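Note that chain A is present in both complexes that follow, paired respectively with chain B and with chain C.
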Partner chain A sequence: MHSIDLAVTPLRELNQSLHGSSEAAEWEIVNPKGSHAVAVGVDDALDIHVRGNVGYYCGGMNKQGSITIHGSAGPGVGENMMSGRIVVKGDASQYAGATGCGGLLVIEGNASSRCGISMKGIDIVVGGNIGHMSAFMAQAGNLVVLGDAGDALGDSIYEAQLFVRGSVKSLGADCVRKDLRPEHIELLTGLLEQAGMTGVRPDEFSRYGSARQLYNFDVDNFDAY
Partner chain B sequence: MSYRNPVTTPRQSATFDEYTLSEIRRAAATGIYDIRGGGTKRRVPHFDDLLFLGASISRYPLEGYREKCDTSVVLGARHAKKPIELKIPITIAGMSFGSLSGAAKEALGRGASAAGTSTTTGDGGMTPEERGHSDKLVYQYLPSRYGMNPDDLRKADAIEIVVGQGAKPGGGGMLLGQKISDRVAEMRTLPTGIDQRSACRHPDWTGPDDLEIKILELREITDWQKPVYIKIGGARPYYDTALAVKAGADCVVLDGMQGGTAATQEVFIEHVGQPTLSCIRPAVEALQDLGVHREVQLIVSGGIRSGADVAKALALGADAVSIGTAALVALGDNDPRWEEEYRALGSTAGAYDDWHEGADPAGISTQDPGLIERLDPVAAGRRLANYLKVMTLETQTIARACGKSHVLNMEPEDLCALTVEAAAMAGVPLAGTDWIPGAKANERY
Partner chain C sequence: MEPELGSLLSDMLITMTDRGPDSAGIAVYGSSDPDRSKIVVQSFTPDADFGALEEALGGDCVLNVKDSHAVIELPESELEQTRGLIETDFSSIRIISAGSVIEIYKEVGLPKDVVKRFDIASMHGTHGIGHTRMATESAVTTLGAHPFSTALDQCLVHNGSLSNHNKLRRELVREGMTFETENDSEVAAAYLTSRMAHGMNLAEALESGLQALDGFYTFVVGTRSGFGVLRDPIACKPAVLAETDRYVAFGSEYRALAVLPGIDGAKVWEPEPATVYFWER
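On to the complex of A and B.
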């Protein structure tokens, strides 16, 4: 186990050490105190535990790494992550998992607005609620929300799938409710298990996705533009 | 013999001219705004409205070809461990694979590398072809983040965060369904054949304070090795440049309204943003006010066509320029040899701008394999290299005539303006006078 105290070690030294670390090494980071860009660009199967709250972009562009934030995360946690796993034990601010291409992001508490914005293949599981404009222009991947969703969920969505157990305040342009078929139950079962969310039945969720009406320009959709 | 009253010659309206009438009819028939590629086509004050004074009794010139006139530039030394060193102060602007064919991207890489300069990716990710053929490759970081990944980020020689572009400050990318081939779709994680209207704002930051943190993240991911550029459209050049510096940029790329785009609304191209000429001095003044002129490099683009344009941009305070449209013309875009086909498409050589339709006879702005075959990337790359070298020689010619041993030694005092407008925008005297319209001590643009 490597331990880094961000109260004494500069951020640059931390990230460069992570980039040069060997596979499967364990790391503990203490005293993050809201630092930005903690454990970004991880490129190996490291097991990283951050003890405390982090600022912007923790775990950004993560590949293979398993990062657990024992606290809350600022904006853009796990942005553009490619693979691996990021778990936020507390809440997450705006843009959680933005543009993520792969891997699993778990937020055990609530996520704020624009969760999963422009997601490109990532799976996101949120234990609580998500804010407005979540999954805006979401291209691919799955967003699972155990609580409620705010306004304009899935606005201008492409091929991502959204699963919400609670209420949805409103749906965004071109986002519609769809049937929850057996393959979706199977998918949800797997994602909930991977995320460690127990006591939740997959058939309690509703599925949302693209109506595909705005994929090509049509002047008769004038009111939607 | 009967008398006939004289008749008035039919008079066309200057307001409702032939082009305007045709556009009204087209809009009424189709229900869609006009979309096209390129930059503004209207006449705006430009480098043509400036002249160099040349040497005189008080300034002596350098001998052509004999006395050295250096053209090398270093970009990104402010914070990056590995700044970019270029032989010439002319770079290739960002243009995406998707909007351009793979062969065109390869040709840009070949031409730029042969001339000792860099090329730039676009809104669609990095292809192996362009990385392989570009000695120096700038990787654009765009709102859409299509194809963005840390491996390509680390392969890049510099990172360019795109905030805006001159053709459409405040607008996102547009790639219509006709050009979305399977490969383009896969790189962008989107279905084949749908219209792709990229986001106009970045998804995970808003404003200069966030941008500073975003730059920190990108530097941390790449271990502080890569220069970070910020590209802005010609909107508010003084404040945008100052904020880019404050956010931590190594270089500012400033693109005026003559700068091209693969596709956007005609109304956007022609009515939003400022001409390149009016953007340079405010940007330079911002750098000077912050004490970072030459430490943070300014790269100017939008309507650069010749060594004269390069020299004028540098004399006004830029460190380098960037070309897009001119580079495509050097590859073969709008070549009269395809005139018959341009006419069949309802256009003519020199005016063809329907790049979004993917039917480019020159094989450049298309994904059609049959058309792409027409572009030989080796020969096209050679033409681009020739053109870049000619522009560099022209720039040196002017610099030597002004007595300068490095092209970056040219200065506003070497220039005068032909029009009041150009004098005011460029901040140089109207020819034959010592009058700089609008100039006041400590004035902010």
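On to the complex of A and C.
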């Protein structure tokens, strides 16, 4: 186990150590105090525990790494992650998991606005609520929300799937409610289990996705081009 | 915590330096003497101006020079008359703030240098606001720094950019308002002043700002008894609050709050878009 104290070690040194290390698999990072870009660009199967609150872009571009934030995360946690797993024990700020291509992002508390914006294959599980404009232009992957969703959920959505257990304040353009079929129950069961969310039944969720009216060419809209 | 206010605000502001290192400003709500008021003025030639101003002031007024600013303490009954005197007879002196408790100081430069010039760390107070600026819409000048005074004992700081500020400024000039800068945030401050002059209270003025102000903003407004927050409906500009039994604190990000005592036990949360919040002491 490597332990790094951000009160004494510069951030760049931490991230360079993480990038160069495949022999030390376990890392503990203390005193982040809202620092930006903690553990970005991890490219190994490291097990990283951050003790405290982090600022912008924690775990961004993560590949293979397992990053647990024992606190809350600022904007852009797990932005553009490719694979691996990030768990936020507290809340997450704006655009959590933005443009994420793969892996699993778990936010045990609430996520703020634009959660999963432009997601491209990432799975995101939120234990609490999500803010407005979440899953805006979401392309692929799954967003699972145990609480409520804010305004304009899934605006201009492509092929991502959204599952919300609570209420949805409003749906964005071209986002519609869809049937929850057996294959979705199966998918949800797996995601909830991976995220460690217990006491929740998959059939309590509603599914939302694209009506596919906005991104397919329609000859009636020809004059608009 | 009141004796530590200036020191805590200074630490918070210096922590935020990398968000905007052009200019910095601070509003401190200090102690109040009954029937006494304060005017803070600024000059680019303080040595010449403040001496002349001191001579022109009435016998009950006390002027203390602080670098490029000066604090005038005076009887409340002489506040309007003195403001008029400065505006008409001292064209090179600008009024930065006025009220019974507020003092605003602002300058170009790094937060650490600005707070040092005005010795902010030694100031006591009930509450305060700090702002560090990265100019996007207008020049880096002393008068373009925040906070902006909006009324007696009130001020505004802004993170964002307004897209309709030229149109709004023209409308406000037609109403008779004057502007020191091309700054968009000064227009937001003047808009609030104008609405309040038309009978609204600050909360109503902020509500109507949701319709009138086009662009990005997280505003923090200081009042005699507390502060308020308003984010635009899109709410891209960050805002974090921390609440404990002892204090309420606002920051653009958690790093600014991390320097506060007892922050680990605080309730930390983000304000909702298009919602006016106020905290009163």
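One rule holds for everything that comes next: the second predicted complex is superposed on the first by the 213 of 225 C-alpha atoms of A that agree within 3 Å, B and C clash if a C-alpha of one lies under 4 Å from a C-alpha of the other, contacts with A are read in each partner's own complex, and residues count from 1 in each chain.
To be clear about the criterion, contacts are C-beta pairs under 8 Å (C-beta built on N, C-alpha and C of every residue); 3 or more make two chains touch, one makes a residue touch a chain.
A quick note: this is a predicted structure, and the numbers were derived from the prediction, not measured.
A.B. asks: Using the superposition on chain A, decide if chain B and chain C clash or fit.
C.D. replies: Fit - chain B and chain C, as placed by superposing on chain A, sit side by side.
A.B. asks: Answer with first, second, both or neither: which of chain B and chain C does A:Asn53 touch in the superposed model?
C.D. replies: In the superposition, A:Asn53 contacts chain C only.
A.B. asks: So, does A:Pro75 touch the first partner chain B, the second partner chain C, both, or neither?
C.D. replies: Touch status of A:Pro75: both partners.
A.B. asks: Let me test your reading of the model: by the given contact rule, A:Trp27 touches which partner, first (chain B), second (chain C), both or neither?
C.D. replies: neither
A.B. asks: Between the centres of chain B and chain C, viewed from chain A's Cα centre, what angle do you get? Round it to the nearest 10 degrees, please.
C.D. replies: Approximately 70 degrees at the chain A centre.
A.B. asks: Report for A:Phe163: first if it touches chain B alone, second if chain C alone, otherwise both or neither.
C.D. replies: A:Phe163: touches no partner chain.
A.B. asks: In the superposed arrangement, does chain B or chain C reach more residues of chain A?
C.D. replies: Per-residue touch count on chain A favours B.
A.B. asks: Please indicate which partner A:Tyr208 is in contact with in the superposed arrangement: first for chain B, second for chain C, both, or neither.
C.D. replies: In the superposition, A:Tyr208 contacts neither chain B nor chain C.
A.B. asks: In the overlaid three-chain picture, which partner chain does A:Ser113 touch, first (chain B) or second (chain C), both, or neither?
C.D. replies: After superposition on chain A, A:Ser113 lies in contact with chain C alone.
A.B. asks: For the superposed model, what is the least distance in angstrom between any CA atom of chain B and any CA atom of chain C?
C.D. replies: Superposed on chain A, the two chains' closest C-alpha atoms are separated by 5 Å.
A.B. asks: Which parts of chain A are touched by chain B and by chain C alike?
C.D. replies: After superposing on chain A, chain A residues 55-56, 75, 94 contact both chain B and chain C.
A.B. asks: Would you mind writing out the residues of chain C in touch with chain A in their complex?
C.D. replies: Touching chain A from chain C are residues 234-236, 238, 240, 253-258, 268-270, 273.
A.B. asks: Going by the contact rule set out above, which residues of chain A touch chain B in the complex?
C.D. replies: Answer in residue numbers: 11-12, 15-16, 19, 36-37, 40-41, 43, 55-57, 60-61, 63, 75-76, 79-80, 82, 94-95, 98-99, 101, 114, 117-118, 120-121, 136-137, 139-140, 158-159, 215-217, 219-220.
A.B. asks: For chain A, which residues are in contact with chain C within the complex?
C.D. replies: By the definition above, chain A touches chain C via 33-35, 53, 55-56, 72, 74-75, 91, 93-94, 112-113, 132-133.
A.B. asks: For the complex, which residues does chain B have touching chain A?
C.D. replies: Contacts found on chain B: 30-32, 144-145, 148-150, 153, 176-177, 188-191, 194-195, 199, 203-205, 210, 213-214, 216-217, 220-224.
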